[in-house]
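Both complexes shown next keep chain A, but they swap its partner, so chain B is in the first and chain C is in the second.
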Partner chain A sequence: MMRPSFGARMMLPALLLLAALSIFPFLFIVWMSFNDVSPIGGLSFDWVGLENWTNLFTDPDVRSSWGISAIYFVATVGLEMAIGIAVALLVHELIWGKNLAISLLLMPMFIAPVIVGLLGRFLVDPTYGLYAWVLNTTGLYTQNILGSKGPALVAVILMDVWEWTPLVTIIVLAGLASMPDEVLEAARVDGANYWQRLRLIVLPLISGIVIVALLIRSMDAIRYFDIIFITTNGGPADSTKIIPIRLYETAFRFFDLGYAAAIGLSMLAFSILVANLFLRMLARQGLAR
Partner chain B sequence: MSGAGLAGASLLGLAGCGGESSQSSSSSGGMWKQYKGTTLNFISENTPPTAAIAANLKPFKDLTGIDVKVTQMELGALVEKVALDFGSGKGQYQIIYADPYQVLAPYYQGLAELNDFDDDDSLPSIPKGPGDFIPAQLDAAGKFVDNETLYALPYDAPTMIWMYRKDLFEKYGDQMKQDLGFDPMPSDSSTWDQYYQIAKWFNDNASEVKYGTGHQAKQYDSLMCDFSNILWAYGGDYFNNGNKVGRLGSDDPGPALLDQPKSLEGADFYNKLLGIAHPGSTSWDWSGVDEAFRAGNEIAMTPNWHEFAAGIETSKLGGKVGYAKLPKGPARTSDMYGGTGIGINNSASDDEQRAAWLFLVWATSPNSQRMELFSKAGGGTPTRQSVYHMPDVKKAEKRPSNAPNMLTADAVFKAWEPQNIGLRPKIKEWNKCDTIIFTEVSKMLAGDKSPEQAMKDAKEGFDRAIGSA
Partner chain C sequence: MTKRGGRTWARQVVLYGLLALALIWTLVPIVWMVLSSFKSADDLLATTPKVVFAPTFEHYKGLFLGGNSLWGYVKNSLLASGISTIISVALACLAGYGLARSHFRGKQHLSFWIISTRMAPIAAVIVPLYMIFRTLNLLDSIAGLIIAYLTFNLPFAIWLMNAFFADLPVSLEEAAMIDGATRFQAFWRVALPLVTPGIVTTAILCLIFSWNDYAFAQTFSGPSSQTIPIAAAQLLTQTGIDWGKLTAIGTVVVLPMVVVGLAVRRWLVRGLTLGAVKGE
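Here is the complex of A and B:
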């Protein structure tokens, strides 16, 4: 019999720990997704075959939640990337006060999402919300923000953008700081203006780190939960019920744990798909192996 | 009656009650102390009675030597934790705030049957007997399907009533009467149609408030509560034998009735009423609408839980608010009952269950209920009929009151009458059905669906959820 190599033996404890922490729960969830799981008197499993998976692909509510998640995903990640890169470029150009500006910019990121949700709810509350009052008195928007379908979705998207754009900014700033000065200097000497330098030198140089930021924010956006749970609970009229809220409701309100497992695994599959897409982009640039 | 037994009886409000006192409390003075040194965990929604209990646990500790750790949280989180605790079979929480619809109905097998404890001679029995609890509340909060088996003792009793700005109604009463052709002052004969007209009148004529009415119409449990009052008032219902399904519960309620003409009429009216309500309504739950009402310049009236009266009376609106039962519809008056019982976790050890029984008896005893009513920390409402006959409690029904919730007494007593109390279906699938109805009504209010379509879809959802499709 072939003895495992020294390297394999050294890795064994870590692999066992990984199995205990990740692989076993994963397999357990896969098992749950093929069962009707009842929490009464200890977990009981009743084999239902592909029923939960069939429901997953035929349930119009879940389909609608995926649709809202897609809008939410594109809007939050898109805005965070665009604003984050723009702010990073501005801050990078600062000659003095750069550290102060970075410190202030980072503040939202250090607030717990639940608190951001509470703060957002307070600011747009029709009774005492400052933003609601400003919009109302200026006549820009006189209806109830969190109680109307479109505005409620916009509001929760903006709350997420407010909190997580600084993360993109700080990652891109790190990329900008690591750019070779001599290349930029040479471009300047050759007479390239700011926009030419940005388009032809800066953006290609930082594209790898931008994709890393995109990857991190995408993974977060797929499992976004707290702010919507606190502000709208998925309403009004299910207009903010993204897939993690649907998952929570199925698992912990209906205790339909088998079906919730199937929904959760579909989220995992989507996350892996998105991550692979970005990793391929990185690989194409020679930044990932 | 021995020393400890006498002390126990006195603490429970029994001394001087003669034959009504607990037989067991006189038989053994040590029965209250038999689980001295035990620690119990009580999981509860963050409600006024629990706030009061948590702040006043010393008498129980002195009486029994038992430590009670109280964990309070929002109802949704409580249901999640309780279900997981039942699932684990560990009995981490021995005493459970058993919401009749979200805990008792779906998980009644996880709760211990209380009749055995009440009949056990080595334990104190329910002071004054179960008959002292308000009958409809004992059934709704304490039983599931079987009329004989008790799973929880009624612990709190929030009920939806009509809260209105009495000062504005007095100021504009004559003008409204002239314009509308009826006396607007809330009374037993007030109707939902009149409520609508009054709200619209305030919208158009009063400068003190922005809107006549505000509602708890956020896509949440609160929307189901607000909507149900009108559904029932118009003669609609969720299931056949709605009163029985609400009061005792049902294993098989049959097909839903939400697509029936009277249900559609109710949905139609609710849609119309919310059309003239404060636009903030669709993002308010009960706390949101309470804050709007208390702000003073937002709404003139609202249907809300009567226990908010304590906060209103200590706000700038103190003395300016009147309380009445909700208006009637073509079929009846209906005031949603939101009370809850406390029960014992079946998975806890035998000794822990018996110790938990001592807490249940104490916490729902007349004296504890009176204490909760007057507590500065809380302000719940007694579920015991005898408490409402205590002189200081009766005195608190009039201003100035040191128990402001009692200012709603007239309204809630009428609301608790069997023909008026609004009881949502007590079925195992209620969490799912609740979500279906508040989601469909929310879609109706958002204009996504007509009342007919929303009710038809809700009915189909209910039938799928309970397997009656």
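Here is the complex of A and C:
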């Protein structure tokens, strides 16, 4: 094996840059969370101790945003996993056109989330939108979708589901492709039908990969907020104001950067927790390096 | 394949019926966006959506030929995402290899630091970066955007290149070194060429992530550094939305990324699961 000094020299430039990009801003945001920070008329810092942190736990607005975030998170990730797995099982069974089908099904996940949001707005626009027109003419829904509380939340959830379901599909497909044929063949010879094979053999075999897909989606679900940012920006009446939108508004509309820093750190704690689970999962599968 | 009884034909019909549903759900928004970008203003405003229409290039002409054309935004997007991608991939090739070929205590902690940097919520990263950029005069600059994109592209690239290098058997490099190559030569002449698909995949994913960014650009960029997603968002005005132009910009943003993304489909799973799952 090679001496560690060579490896260290190879890693040094990247790790120094990464340290500058991550540790410094991290210490800075921690410090900000103990200050009243205002950007108006030159930056000003006023030490306020734990005030931002106590606010974080008592502020009803932030609490309701965590609630909406929880709904948004469970609904988007849940639907993406369920539909993604179902579509993967479907595509896996295809005999012809499989490659083309996969390529077409993958397309949404390359699209910028902000364009997904704009496209969603276009489709449900009460005057010109294709989907709004379909809902209108069939009589299913005739109001302004993004202007009504419940439907707006459903719409932004479905936009996220549209964009990210393909990610789950392609990961699960990789798992299905790596299953050993002999086991399935043996079960088939023994007379097991499709649903029995699925429940007793396929799902247990791909469970590890399904969990990887779940964790990857979970981490990204907390990261992005572009779709809601560009469609409803939290409205109507705060019904889609997930926590990153609340943070952004606190920082850049109300200019309370110290409080925004505290909110940001609480989000960071959540994503670090998921990242930790992800690493443990890799270690369990012997994939950690 | 063994026989599946007489239900095979019916089964195929059901399968392809379900596939058609999935494809409709997936493709209608994309097809509708592209179609709309070629519709005249009148056709766009039709109360009953038009599928058959006389195509026009007016929106694209308006975007690229008029004053305040899209070219400036395209240039900013290419510079910011391109340079951050090049820096990330170059440094990550070195670091990913170093990481894959060394064993030391605390390696798990180093990995954890890298992955948690990648996964940090964008809204949380924006706050300290905004303060730092403001102090260093990096607001409204391409350099600022490059730095912002490095915060997620660099850890992603290191992690992924590490995964690709870890798959290579060490024996090839050892053989090269027995023949007199230095460690760096073994990396440069033996290992690096063998992970070309990994490098390409990493670069394309970095490019897609930064090209598609909206939140950072919306916060940090100004008149001289705005990217195309910002140009799209700027078309949302109180007085009315020019959907023709907007769908045209959408098409311009989306098309290149779909093409390059599908070009590396074979390695995509590897990349998007940060190396955890091997592809097809």
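For this structure, a couple of remarks:
The criterion applied here is as follows: the second predicted complex is superposed on the first by the 250 of 289 C-alpha atoms of A that agree within 3 Å, B and C clash if a C-alpha of one lies under 4 Å from a C-alpha of the other, contacts with A are read in each partner's own complex, and residues count from 1 in each chain.
The definition used in the following text is that contacts are C-beta pairs under 8 Å (C-beta built on N, C-alpha and C of every residue); 3 or more make two chains touch, one makes a residue touch a chain.
None of the values given here were measured: they were computed from a predicted structure.
In the superposition on chain A, A:Thr232 makes contact with chain B only, not with chain C.
With both structures placed on the common chain, the touch criterion links A:Ala275 to chain C but leaves chain B unconnected. By the document's definition of touching, neither partner reaches A:Ala70: not chain B, not chain C. Of the two partner chains, chain C is the only one that A:Pro108 touches; chain B does not reach it.
The larger set of touched chain A residues comes from C, when the choice is between chain B and chain C. Looking at the shared chain after the overlay, A:Glu185 reaches chain C, while chain B stays out of its contact range. Of the two partner chains, neither chain B nor chain C is touched by A:Leu203.
In the superposition on chain A, contact of A:Ala8 is made with chain C only, not with chain B. Of the two partner chains placed around the shared chain by superposition, chain B is the only one that A:Ser148 touches, whereas chain C remains out of contact.
Once the two complexes are laid over each other on the shared chain, residue contacts for A:Glu93 go to chain C alone; chain B is not touched. Residue overlap on chain A between its contacts with chain B in one complex and with chain C in the other: 39, 43, 125, 127-128, 252.
Those residues of chain C lying in contact with chain A across their complex are 2, 12, 15-16, 18-19, 22-23, 25-30, 32-33, 36, 44-45, 47-49, 91-92, 94-95, 97-104, 108, 110-117, 119-132, 134-135, 147, 150-151, 154-155, 158, 162-163, 166, 170, 183-184, 187, 208, 211-215, 218-219, 229, 232-233, 236, 241, 243, 246-247, 250, 253-254, 257-258, 261-262, 265, 268-269, 272-280. Remark: chain B residues 76, 79-80, 83-84, 86-89, 106-107, 109-110, 217-220, 278-284, 288, 291-292, 295, 298, 347, 431-432, 435, 439, 442-443, 445-446, 448 touch chain A in the complex. Only residues 1-2, 4, 6-11, 13-15, 17-18, 21-22, 24-26, 28-29, 32, 37, 39, 43, 87, 90-91, 93-95, 101-115, 118-123, 125, 127-128, 130, 133, 162, 166-167, 170-171, 173-175, 177-178, 185, 188-189, 209, 212-213, 216, 219, 222-226, 229-230, 243-245, 247-248, 251-252, 257, 260-261, 263-265, 267-268, 271-272, 274-276, 278-279, 281-283, 285, 287-289 of chain A touch chain C when the two sit together in their complex. Of all residues in chain A, those touching chain B in their complex are 39-43, 125-128, 142-149, 152, 232-239, 249, 252-255.
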